[in-house]
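Per-chain numbering from 1; labels A, B, C and D assigned in written order.
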Amino acid sequence: MYGQRIQKWDRAVEWPLTIAAILFLVAYATQIVARPDGVVALVCEIVLITTWALFAVDYVTRLWITENRWRWFSRHLLDLAIVILPMLRPLRLMRFLTVIALISRNTGNMLRGKVVLYTVGATALTVLIAGLAVLDAEQDGGAITTFGDAIWWAFVTITTVGYGDLSPVTAAGRAVALGLMIGGIALIGVVTATLASWIVERVSDQSASTAAATEAQVETLRGEIAELKDLVRELRPAS
Amino acid sequence: MYGQRIQKWDRAVEWPLTIAAILFLVAYATQIVARPDGVVALVCEIVLITTWALFAVDYVTRLWITENRWRWFSRHLLDLAIVILPMLRPLRLMRFLTVIALISRNTGNMLRGKVVLYTVGATALTVLIAGLAVLDAEQDGGAITTFGDAIWWAFVTITTVGYGDLSPVTAAGRAVALGLMIGGIALIGVVTATLASWIVERVSDQSASTAAATEAQVETLRGEIAELKDLVRELRPAS
Amino acid sequence: MYGQRIQKWDRAVEWPLTIAAILFLVAYATQIVARPDGVVALVCEIVLITTWALFAVDYVTRLWITENRWRWFSRHLLDLAIVILPMLRPLRLMRFLTVIALISRNTGNMLRGKVVLYTVGATALTVLIAGLAVLDAEQDGGAITTFGDAIWWAFVTITTVGYGDLSPVTAAGRAVALGLMIGGIALIGVVTATLASWIVERVSDQSASTAAATEAQVETLRGEIAELKDLVRELRPAS
Amino acid sequence: MYGQRIQKWDRAVEWPLTIAAILFLVAYATQIVARPDGVVALVCEIVLITTWALFAVDYVTRLWITENRWRWFSRHLLDLAIVILPMLRPLRLMRFLTVIALISRNTGNMLRGKVVLYTVGATALTVLIAGLAVLDAEQDGGAITTFGDAIWWAFVTITTVGYGDLSPVTAAGRAVALGLMIGGIALIGVVTATLASWIVERVSDQSASTAAATEAQVETLRGEIAELKDLVRELRPAS
């Protein structure tokens, strides 16, 4: 029953929350990149507060309708932090990962295909979020002052190239960089691991004569032995 | 029938297109590195236009003779972009990958050998293309101004070392850099995965006594059981 | 008997040594970061000497109660170096790895889970130790002069990003950097390998119909053959 | 017969060539690092020429006593280049890899153990060779002017950290850097692959109940079936 209620809620908020995330992205990016005055600034502020309220309502509702509240709470501390701490605000865009998951659900059930789609989507999203966040942190008195530079820096960092032509000097900017670097290590890991799994599989496919015995083959053997048993049983004197 | 027509076309344009790619490379490199005037500049321009026309004709013909034009079109959008967009012009040199494929076809059917050949060939080609493209983008008012520096920068980037002694400052140069960095992640991935597949294979070869049962062995077992069946059949009273 | 004595000693010093390591960390960090004068400096010095004495006593006792002293000595040369050489002093904090091991022992027996816990713990510990050590080496006349910069530099180095905004210039600082870089290569290796093992397992799970024959299945086959043998034995004329 | 002659030659020159390589290393390092005058310079020059002569004699003799000279020649082009080209002179130190191979031969037959030993040995050797070679190339008018800086730069490069505090500006120095970067990619690859093979093996060890059927088990099955055959044969009427 609880599971059903959560699934129902999931389906109900799927689109509203995705739209809220898009609106949040637009307002957040506008505020940081264009640094607007007057009406535009006010609209951005209103959008940010409204979408925040939506995410907060979503969090509270989920906590409410779940079976074991304490367990859910302790396993969703990051969700709480994202809702409460203003500095983790950009992470609300991680909502788009759910959209990537939805798309990947419709691309058949090849694990590696899903991994590739997720990797590309998550990397692009991470670069965008980190670019906006580092620009927010650094543009006043820091080292990264334009949106182009911020995105360029994010790519240079996540690929672990690290030219050093731009590097954050504020504490907030460096915190963003840490996240990106860890993302970069993970990116190299996922790319390599996916390729390794593909090559290992292909190489073992090639050498069919030395391939491992499969379950299907053992099944065939069992059939043979069963037939043999029947033959032996027929031999018994009809006593 | 369609498949045959495409194969015929492939064989017919194999050499003309490779020669066109070589001419294109020479003209493109001359134009960027030597920055010629007068007759040489004119010859370069003519060669570039002629080879472009050849690639365009190849694209149109392929689209024409394929069975399902829409499907082919949607799956070859990059080919279209390379033919149409001048900034993707250097990617025409990717034609040489077909030549590497031809060479690797003749080197037996070891998957890992092919992977190594492809990796070396594609890396060298990528460094050359990126070096030329970044020089084209950066030499007027950018940070990379000689061909030597451009190739050096391309190597430093694709290996993810990223000294930062040279780093692009123009948008076009940074776009080239993005491609190289992604190539670098892929390069590390391919090298590691190939080595991993080799080590995993060797380690499992070593421990023969704990090696997985092979299909051949199960085949032997089946033979044994078949012989046993015959023995039992012989036992039946000739009724 | 010797093994029992060592186990007893292990249990006896588990907590005292961990507390000593915490005190050592506090005193060492205070001395380097705050550079205190007067009483605080004296207290730090006393704590450092006391904890050093504890580690030395632990080393000597272990050497004493072990069965084969020469073998133990030759296999614990690093332990000796950490106790004797002042410049390897920060490595005494590696004691905390034992604490991570204790925690991971209680997290079930998933190998990959333990690898993840160890990787995160060891990376955080390495960054902390290296940050303190490089600050110690570089803050007088070197390039890294604040604790924040030292930790930032340690992260930039261990992820192999290497911006170069900060890089050690003293011999001691560069020695610390070498350790961090080797740690970085190991970090990438462990992350990738864990992911690869996970993906390889998942991919092979997916293709259940072509899964390798398991020991359990062969066991079933053996059972079938045993039953068959009994059937044949029953056929023998009761001679 | 040819094989025997080569083995004999191998054994005969094993020690002389290793000593020649040590002398070459000392003279080469002295010449580059200390830049001596007078007698010392003369001694260095004599040692360099003498050891070169030894390597050349070794090359010619091998070419002479091999069965298929042309095949040997085409497969040992690098050996020829190292003997002939002065700029590849430092690669004569690769002779020490043979020494590592000798040591690893005595450490049992664990493939992974050998890989680790080889990796550590080859990395240390590569850093030393590259450090000397880059110092030779850069110390007059280049960016790397002391031996300490050269070794530091080599480590920063081979781990792909690439701070950029030092980076070669001469063509020869950059050529050395290329070799180091490729070595760095290989280093990451080997470390990751070895760890991956270890983790994959451990994870599959853990799940013993789902372990792949081994050759030994199938052998047992075959034994069971053979016994069964004997039982059936006994049943035959002694006709």
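The working rule: contacts are C-beta pairs under 8 Å (C-beta built on N, C-alpha and C of every residue); 3 or more make two chains touch, one makes a residue touch a chain.
Every value quoted in this text rests on a predicted model; they were computed, and no experiment measured them.
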| item | value |
| --- | --- |
| Far-end chain from chain C, centres as C-alpha averages | B |
| Numbering shared by both copies at the chain B-chain A contact, with half separating same from different | different |
| Which of A-C and A-D has more C-beta pairs touching across its chains | A-C |
| Distance from chain D to chain A - Cα centre to Cα centre, in angstrom | 41 |
| For chain A paired with chain C, centre-to-centre distance based on mean C-alpha positions, whole Å | 29 |
| In chain A, residues with contacts to at least two other chains | 160-164, 188, 192-194, 196, 200, 212-214, 217-218, 221, 225, 228, 232, 235 |
| Partner chain D, residues of chain A touching it in the complex | 160-164, 192, 196, 212-213, 218 |
| Residue numbers on chain C that touch chain D, as the complex places them | 109, 111-112, 115, 157, 160-164, 167, 169, 171, 174, 177-178, 181-182, 184-186, 188-190, 192-194, 196-197, 200-201, 212-218, 221-222, 225-226, 228-229, 232-233, 235-236 |
| For the chain D and chain C complex, residues of the former touching the latter | 148, 152, 155-156, 159-165, 187-188, 191-196, 198-200, 202-203, 206, 208-214, 217-218, 220-221, 224-225, 227-228, 231-232, 234-235 |
